[in-house]
Amino acid sequence: MSSNIGKYISLQIFGESHGKAIGAVIDGLPAGVELNFDKIAEQMARRAPGKDKTATPRKEDDIPEILSGIKGSVTTGAPLCAVIYNTNTRSSDYSEFEAMPRPSHADYPASIRFDGNNDLSGSGHFSGRLTAPMTFAGAVCRQILEKHGITVGGHVYSIGGVGDTGFDPVNVDAEQLNGLNTLAFPTVDKTAEEKMREKIEAARMDGNSIGGTVEIAVVGLPAGCGDTMFGSIESRISEALFGVPAVKGIEFGAGFGFDKMLGSEANDRYVNKDGKIATVSNNNGGILGGLSNGMPVIFRAVLKPTPSISKPQETLNLTTMEAETLSIKGRHDPCVVVRGLAAIENLVCFVICDILKGNGII
Amino acid sequence: MSSNIGKYISLQIFGESHGKAIGAVIDGLPAGVELNFDKIAEQMARRAPGKDKTATPRKEDDIPEILSGIKGSVTTGAPLCAVIYNTNTRSSDYSEFEAMPRPSHADYPASIRFDGNNDLSGSGHFSGRLTAPMTFAGAVCRQILEKHGITVGGHVYSIGGVGDTGFDPVNVDAEQLNGLNTLAFPTVDKTAEEKMREKIEAARMDGNSIGGTVEIAVVGLPAGCGDTMFGSIESRISEALFGVPAVKGIEFGAGFGFDKMLGSEANDRYVNKDGKIATVSNNNGGILGGLSNGMPVIFRAVLKPTPSISKPQETLNLTTMEAETLSIKGRHDPCVVVRGLAAIENLVCFVICDILKGNGII
Amino acid sequence: MSSNIGKYISLQIFGESHGKAIGAVIDGLPAGVELNFDKIAEQMARRAPGKDKTATPRKEDDIPEILSGIKGSVTTGAPLCAVIYNTNTRSSDYSEFEAMPRPSHADYPASIRFDGNNDLSGSGHFSGRLTAPMTFAGAVCRQILEKHGITVGGHVYSIGGVGDTGFDPVNVDAEQLNGLNTLAFPTVDKTAEEKMREKIEAARMDGNSIGGTVEIAVVGLPAGCGDTMFGSIESRISEALFGVPAVKGIEFGAGFGFDKMLGSEANDRYVNKDGKIATVSNNNGGILGGLSNGMPVIFRAVLKPTPSISKPQETLNLTTMEAETLSIKGRHDPCVVVRGLAAIENLVCFVICDILKGNGII
Amino acid sequence: MSSNIGKYISLQIFGESHGKAIGAVIDGLPAGVELNFDKIAEQMARRAPGKDKTATPRKEDDIPEILSGIKGSVTTGAPLCAVIYNTNTRSSDYSEFEAMPRPSHADYPASIRFDGNNDLSGSGHFSGRLTAPMTFAGAVCRQILEKHGITVGGHVYSIGGVGDTGFDPVNVDAEQLNGLNTLAFPTVDKTAEEKMREKIEAARMDGNSIGGTVEIAVVGLPAGCGDTMFGSIESRISEALFGVPAVKGIEFGAGFGFDKMLGSEANDRYVNKDGKIATVSNNNGGILGGLSNGMPVIFRAVLKPTPSISKPQETLNLTTMEAETLSIKGRHDPCVVVRGLAAIENLVCFVICDILKGNGII
């Protein structure tokens, strides 16, 4: 209805940031998939907080406990439920936001939506922490994709206006993606990382935050995957990604760059590449008519700066309807792009699995 | 499963461009809505082909025949089916694309997806013509929104790099949107229209096509609408919009501009505006945590240049696996942005109705 | 949402009995299925009115016009829409039921549900006529099942207390089912037909109507089909069947007879039957844990007597809140069981296809 | 997809009988509902094992731990997840069934469906134990129904052919239902309980099991609830109920008794009852055209005898394809009807809530 997604495989996310636990139930996974928990832990670690100073100092082990759906380490075909207990919470930090909603946070609309019953602590169900179970679900799906020769990876495309080199949309391959996957701060161009870190550090030192974009590629997806119209790969990836807090835009292939292109420039003409059908360019990001065309699926998403900043902001006290100054305490990421990348990448693994199931491939 | 959408109200689209008919079934509409067919016809006319030389010369009356779901002109609460018969088709134009798929069209992946059984004529189910039933469904929903004081409108934001003045994200109102709705080529700045038309005409004269972006606003949506996570307003609008052929990107509020922003710049602080809660800026495009915050919902979408161009393109003959030159005959839009705007705007009306139903408002 | 069903293939029914048309959209059918329209017409004819005096004298050709989803006679994979125009309607018959709802009809609750906007004529969307598009959709699916060696058939199990011989739940086979399928009044025991016809004729002569049950078998369904829990074969068949007007009960295998059984009598023990796994009895109707076990799937459904009877009935005038006598004119079936059988059987073909798609078989 | 259900509120069940835990996630509950945990515990206790000798001696505390979706004891509107840990399991009991599937259990079809990866221990996800989270979810929904004056209750209608007095379908009321709810073995006629207990005890002493039926009533549901066709109340209750292990049939109102009725007998004529619209009889079980008509909703469901019996059964060894004798050890219910009643009743509370949400009532 809301925190669940999937046409053929269902993913249900639950939990609040400072509640007992967060988690996910995946229903419709193929049976017989042997899960490598080390690899799942690697993906969880990529998203986990407390790693370095680009992220929140809140530390959580974030080791999901799998309650159902596996026998030993093999999926049974029954719904797989994983729970991550919240162990390191400080709810006292949030009491004042009831009267004075944090700018650009869900606080105010959520209090209207749920008649003031929503859990405000740590942003409750709206917290970025909820990307942990998404990451888990995707990390499971990633292992299914691997068996089908499909690799999902990405890099930080830009932060605070500092850009990385974009993927070569025609030649990006599994090797490059797997390499990026091992990096704490994945960029194609190593010098970009340094400049981006400087931007983040400057924001952090100033009690501020900063936004950025990520670029994701899916390679190995066979041509002809996806469904028509609202079942397009774009529809399904975007529906999922806008469930990730902070994501405010998505573009496939040339994306907003199409705005300046002529058809003759934009069209990806077909070529015979070593006996196989390929395209010389990939402005369509591997998707035509909503279906994969065999080229890498490429898209970028933008994440807004963390709205929680310690820098004082003037805002409104809803009780008095007077302006007041707010300085948000607590442990917050100066930039969520690196951690967001891990969450997004893995969530996309779920979406691709769902698409494969709809196509009878898994 | 694919050409249907909606969590609380279901919209099923059907039809192929050169088949007998295209149409839509809407299931779950409120009963007792008196439909104004002139207003529906106005919306259909906005999207219809053959209006002027920015669009395809193919002429279709595009008058939907309503087969069910109304008594007189009032909705009965039963599924509403509307059919638009295809009367002006020239299928002979498409025979050659079986061997030689048109670049950037669905031809090739669709033939893989459907084992060569898909209808290639006029692009079949992948045709932009399928936006007619989307527009119809949205035009019906638009009348429900009106009764709740909600207005959806938009303008051509850019074509070929020529930009219009963007909406004032805080002050855009129903009057402005309704005004734009009456224009054949809706722009905020009338001088932009002229320059955009020049761009389109130049492309047309050259047997080429050109891309662009649209900007849409929803005003009057009360705070607190939407569902959590994957039920976010962004998820639902984007899932729908990527079902519109040619759409390749979407951004809400400041969108990709967040990439260069600090949190202190990006955050929309709350203010007391004549005794009501408002925000001074609207970088979040009226959506926080996926829910409406009472400010205008603002987003932009990019549409790629029509892939059908008469200008010769080199591409691959899949039978011989040799390069060949292709010149696409037929009647094609040099630019789909203006017609696409009408389709997108109305489709968004459907999405907003679906959201309102989920919130118990309709 | 309501008049649509299906987990992996979607079936959307629309139309009102005395409106312009009724129809169905099927989304998610496999591409490349060559449809035999004569066979579809045969199934439609089984359900069609006006055949003999057991049914309503209203005559409708009921030839569905397929608007989309096929090229020649082969499915394209795009949504298939079929429309049946209503040509022989007499809406004046229904004007009085606004004030005086017909007993056991949907009139009264529907007027509450839809604020009096529902179409009362011919029972509108609640009419048994809506089983025509269900039958059509199922007749299409039946042809897909045939290619997988799956046969669905049934017989009138009882009418007015007169029973037919039940299926042999272990040995019922495609040959028997196909034979029954050709009969105008399918019974296993030919002498039962005569007695049932007498019951119906007696009811008809008295301006009355009569109820009965049908028994359906699905043979050839491989073991292991279905999903867990609410995705059980029983859940999915029953969800569909209760969408058929008049159906008020369903039982699988021994059904309500289990109430008198001990476990040792009820259990279907496994045997080696010519080298294959089979069960000696089939009390479970071929379904264990919601999944097929390879034995025939067997179930029975009960259909209540047509509520429309010309025999005078005392009921309530809602305007005056006084009792009044009502005699329902119009052309009504004295017994809907034979026509209902055709509708149910075919609808089950849709459900089985949906299940097969979920299992990756089609 | 399978273990989830609901059109407007989603219920996802997970877990295996001998796994770490079982549980439920409910997504779409109204916010602000104050939960009474004692009342939830009462419902859980009704279903819980180990109460008396009619049930399995396996003892489980079955106290659900709520991980999310509440703040204090009030629903937040975010997904509510509850987990019940499995503490008292003896998995060694199940090793032999891999080669020799238990008759009438899911073992064999599940091993085909999930390629032998399904968890066989305690029947895994197919266990009756999974009705615990269903009961929990329903017990939550029951409290929402209470606030709307809707009561759901039931009684054991028959066991082993011994029948209880059925509900008076017109006059059954909340008081009677609430009274039954407090009984360990709910029957309308206290003398029936004794005879039924004798039947169960006889089966138990013989290492056997026995089947029965339950009758459920929903009172206080306003007229006009439900959706059309496949969204009928019957469709939705039956879809849910067949997700309960052992349920093999369901009938609404007169159900299979309609088979012997004339229309003039079956029709429920309307009367003015103290100024309100009512019907003199209630053969339709409070549902017309799939919608509630304001009379009590009444239905019966049959539960087959527990397939697990210690009495020796001859069956097939799938490895050798030879007949063998099987005696099922372990702790099993000689009759699941009483516990099943609690599960079914509560699950129906969920379904009614889902219907109310679709009607904009909650």
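Points to keep in mind about this one:
Chains here go by letter, A, B, C and D, matching the order in which they are written, and residues are numbered from 1 within each.
Definition applied: a residue touches a chain if its C-beta (ideal position, glycine included) is under 8 Å from a C-beta of that chain, and two chains touch if they have at least 3 such contacts.
Fair warning: this is a prediction, and the values are worked out from it, not measured in the lab.
Touch-path distance (fewest steps) from chain A to chain D is 1. Look at the CA centroids: the one farthest from the centroid of chain D belongs to B. Distance between chain centres (mean CA atoms), chain A to chain B: 26 Å. Separating the centre of chain B from that of chain C, both taken as means of CA atoms, is a distance of 39 Å. Rounded to whole angstrom units, the spacing between the C-alpha centres of chain A and chain C is 46. For chain A, the set of residues that touch two or more other chains comprises 1-4, 8, 13, 28, 77-79, 113, 125, 227-228, 358. Remark: chain D residues 1-4, 6, 8-10, 12-16, 19-23, 25, 27-28, 31-32, 65-69, 71, 74-81, 83, 113-119, 124-125 touch chain A in the complex. Within the complex, the chain C residues that touch chain D are 1-5, 7, 13, 101, 103-113, 123, 125-126, 130, 158-161, 203, 206, 208-213, 222-232, 234-236, 238-240, 242-243, 245, 247-256, 258-272, 275, 277, 279, 283-285, 288-294, 302-309, 311, 313-316, 318, 321-323, 358-359. Within the complex formed with chain B, the chain D residues making contact are 8, 28, 77-79, 227-228, 357-358, 360.
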